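What follows is a structure written as structure tokens; I'll ask about it next.
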Amino acid sequence: MEAGALATRDVPPSIGGASRARHGDQALRVILMGLAGLILALIVFFLIFLVLKAHPAFARFGVFGFTFDNNWDVAHAIYGALPLLVGTLITSAIALIIGVPVAVATALYLTELCPRRARGPLTVLVELLAAVPSVVYGLWGVFVLIPNLKPAEQWFADTFSFIPFIGGGKVAGPNYFIAGLILAIMILPIVSAISREVTATVPSEDKEAALALGATRWEMIRMAVLPYARPGIVGGAMLGLGRAIGETIAVTLVIGNQPQIGKHLFDQGYTLAAVIANEFGEAANDKLHTGALIAAGLVLFVLTLVVNAIARAIVRRGQHGRRPVPAQATAVAVQ
Amino acid sequence: MTPLPALSPRRRRTDLLARAVLATFTAVALIPLVLIVYYLLHKGLPAISGHFFSSDPTGNFLGDAGGIKSAILGTLELVALATAMAVPIGIGVALYLVEYGRDNLFGNAVRYFVDVLTGVPSIVFGLFIYVTLVVSGALGSSFAGWKGSAALALLMLPVVTRSAEVVLLLVPDSLREAALALGSPRWRVVFRIVLPTALPGLVTGALLAVARAAGETAPLLFTATLVNGTTFNPGDKMNSLPAQIFSDVGQAQNRLVTRAWGAALTLVLMILILTLIARTLARRSRIT
Amino acid sequence: MSSDAPVPSAHDSPVTVDPPDMTPRPGPAPPRVAHRAPRARAVDPSAAERGRQVRLSGLSAYYGAKAAVKNLHLDFAANQVTAIIGPSGCGKSTMVRCINRMHEEIPSARVEGSVSLDEFDLYAPGVDVVAVRRAIGMVFQRPNPFPTMSIYDNVAAGPRLSGGARDQMGERVELALRDAGLWEEVKDRLAEPGIGLSGGQQQRLCIARALAVDPEVILMDEPCSALDPVATLKVEELLDELKRRVTIVLVTHNMQQAARVADTTAFLLAGELVEVGPTERMFTTPGDSRTEDYVTGKFG
């Protein structure tokens, strides 16, 4: 970089030159501040409109009634969102139960146990899961997972029928489990990426201390890596939860879209996000129905806000006394 | 020869077992990827043909179902427009955060809200646009391509801003200071030094955001919606690959399903290529 | 990875506690070996004198193609403190990490030759690395107590791995902390986090942690280089009693420290052993001219 490149055409500092530079600086600052402020304004703006349009539903059923009534009956224009809420929670819970252990195991394997050469390619493969769009997961779920897993699911339901909810019942094609399974696959890349970054920042001196004490590899992971990485992993899991809660298209294709709380793992169900995608077309001219769907969207929005805020708080609290995780990691991972 | 204290077999077994479990779980994590690729190729390739790419969906119940021309073109248009909206604003906001807003209340508030935006479900972005632009019938018809782009742009914005902020922060302050010390005004430093240095990283971030937006369905459902014909007018309803796939999956006809697989294959390839370019670009130029 | 710090300059003078007839000597002149009066301490009289001899035979250690240690033949006598001195980068740390087989944790690392514990070849095929590390403990350059564990848990970590008896754990922890000279300072706050202690206390905690598994050898890789002089003193005081139970290998860049605490001193240069002998002789009448140059401060 030559000094000349910067100074070309610039009058050497004089009153005239200086004020022209100041104009440019002023302009830039104002423009950029305006853009930043735009973000804030937009969010507030959208929220207001969302609440406005949801008003018909809230007015009719009350906020509490809308959210927690167990009756979503389009035919009779009754909108209580409990089945949707419960369905969202069930599928997200399944996603976490299946997805987080696998993601953390993958992270531990890739950081601590994997042969050096294989680490790069395997990491890329795990991250490729994030490149598959939601609708393709849905397509695959409908035509590959549902038919092929049905026998196994039925066997499972029959064998464990003595356990409430998990066992028993007749396996519907699309059901909670398939939706949860696909969600688990979808959140795998995020949780794995964050877990990987956190386990990579475990100070090597802690690991060496454990090894020098005569620990096996797994004991070293248990003593030095996991305790250190735990807050970050939990934060990553919560971010995955937030993603699972909001996932729409894949879920609506494989959950059956039945507005009731299923009694079994393999029953059909509904989620907040799925109902919006599924019913918006037919609700077009029905102000109450549309309002109810938008209200569902509002509930969904608030839910993800809360989950993500908790996730951020956990991660931030967990950073206390630890090395900072490189910002690129979380920035790229949360995509 | 005096032996060492022996390692209990239980510990050895636990160690081997734990290692095996971790390796197995990693393999399990990769199974879905393998299966998806397999089925995409297995079921998608048969759908591919010249006709597939050159004709629009006909919407006929019988006879020729048509191809996905309008879907591909629609995706390209929608995403291009969304990129044009989101990338300048996103980089602008990131620039503000890095150059002026590193440690003040306003900057921190903006940063926090951008963080919040990253966690918003994509369908909620569609709702945002719906309740503001579509319902009011802004600028003509209710559903329009550009409104779909607006929804996609909202989705891309936090992604672009976040990654741009990271990259801009990587530009060493010493570079900025050297330029300022030479008597250059701040805006020049930004445009002549900071942005060019950060450019590869900015492009990478933008490409990844584009790849993400290309695959999104939910925001388009009630903004640009679904339509059969090709149109180049962003004021019209516009088709898109994800919306087309979504629609075809719902129908119970084999040829439509086959078309859906073909469209899915096309979409995934597009996203993969974008992601690959982005990653190669990132690896090629690291700011140290 | 620990790196060798530069040899201290002339302002560092040997610090002694007692007997009071030792006068501090200034500058780079070869210092006299200091003798310490034994401290009163709770020794478990039934603990066997368990130190063992360590022998390096033709030991070479590589990082990739580069040899950091070349064909070393060196004995560490049982129940003695052997100091390893030498300038930065001479391979002291690498050599020491070969003894407890920590060197091979580095991806491109390779070892040739052998290390024996009382005739038992630690590198023989089929030898369990974990068992080696149980018998040979290590204290690192920077104190590294486990950050998420309490003081008690840190010391108990080692014995818990090998399934130490639960009911005796308290006694083991106390004994280890006493041997490390830390018991009186922490006995009322065993449940507090280990990283809440001062630097010197943390290092003694690490020593206690290493002692708790009853090793036969303890490797110390510049254990005092991150500590202040008072803390250094406390650690050095321990070594005289510790050596009755274990063989101690002490890597140090501080020659005065070697002179104070070591029975034998070995001088390494560029990965090779230049000379080894009783500490007093090494510092007063070294045989090799390179040794003499080093101990008189001509380079380093």
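To keep things simple, chains are lettered A, B and C as they appear, and every chain counts its residues starting from 1.
By our rule, a residue touches a chain if its C-beta (ideal position, glycine included) is under 8 Å from a C-beta of that chain, and two chains touch if they have at least 3 such contacts.
Given the structure is predicted, the values throughout are model-derived calculations rather than measurements.
When chain centres are taken as C-alpha averages, the shortest distance to the whole-protein C-alpha average belongs to A.
Contact counts per chain pair peak at A-B. Of all the chains, the one whose CA centre sits at the greatest distance from that of chain A is C. In terms of their C-alpha centroids, the spacing between chain A and chain C amounts to 50 Å.
Centroids built from CA atoms put chain B at 15 Å from chain A.
One inter-chain figure worth recording: chain B and chain C are separated by 55 Å, centre to centre, where each centre is the mean of the chain's CA atoms. Chain A has residues 216, 219 in contact with two or more other chains. Touching of two or more other chains is recorded for residues 7, 11-12 of chain B. In chain C, 130-132, 134-135, 161-162 are the positions where the chain touches two or more neighbouring chains simultaneously.
Touching chain C in their complex are the following residues of chain A: 116, 203, 205-206, 208-216, 219, 223-224, 227-228, 321-322.
By the touch rule above, chain B contacts chain A in their complex via residues 7, 11-12, 14-15, 18-19, 21-23, 25-26, 28-30, 32-33, 35-36, 39-40, 43, 89, 92-93, 95-97, 99-101, 106-107, 109-110, 113-124, 127-128, 130-132, 135, 154, 157, 159, 162-163, 165-166, 169, 178-179, 182-188, 190, 192-193, 208-209, 211-212, 214-218, 221-222, 242, 245-246, 249-250, 257, 260-261, 264, 267-268, 271-272, 275. Interface residues of chain C, counted against chain B in their complex, comprise 52, 117-120, 122, 127-128, 130-132, 134-135, 161-163.
Chain C contributes residues 100, 102, 105, 107, 130-135, 137-138, 140, 142, 144-149, 157-158, 161-162, 195, 206, 209-210, 213 to its touches with chain A in the complex.
Those residues of chain B that touch chain C in the complex are listed here as 1-8, 10-12.
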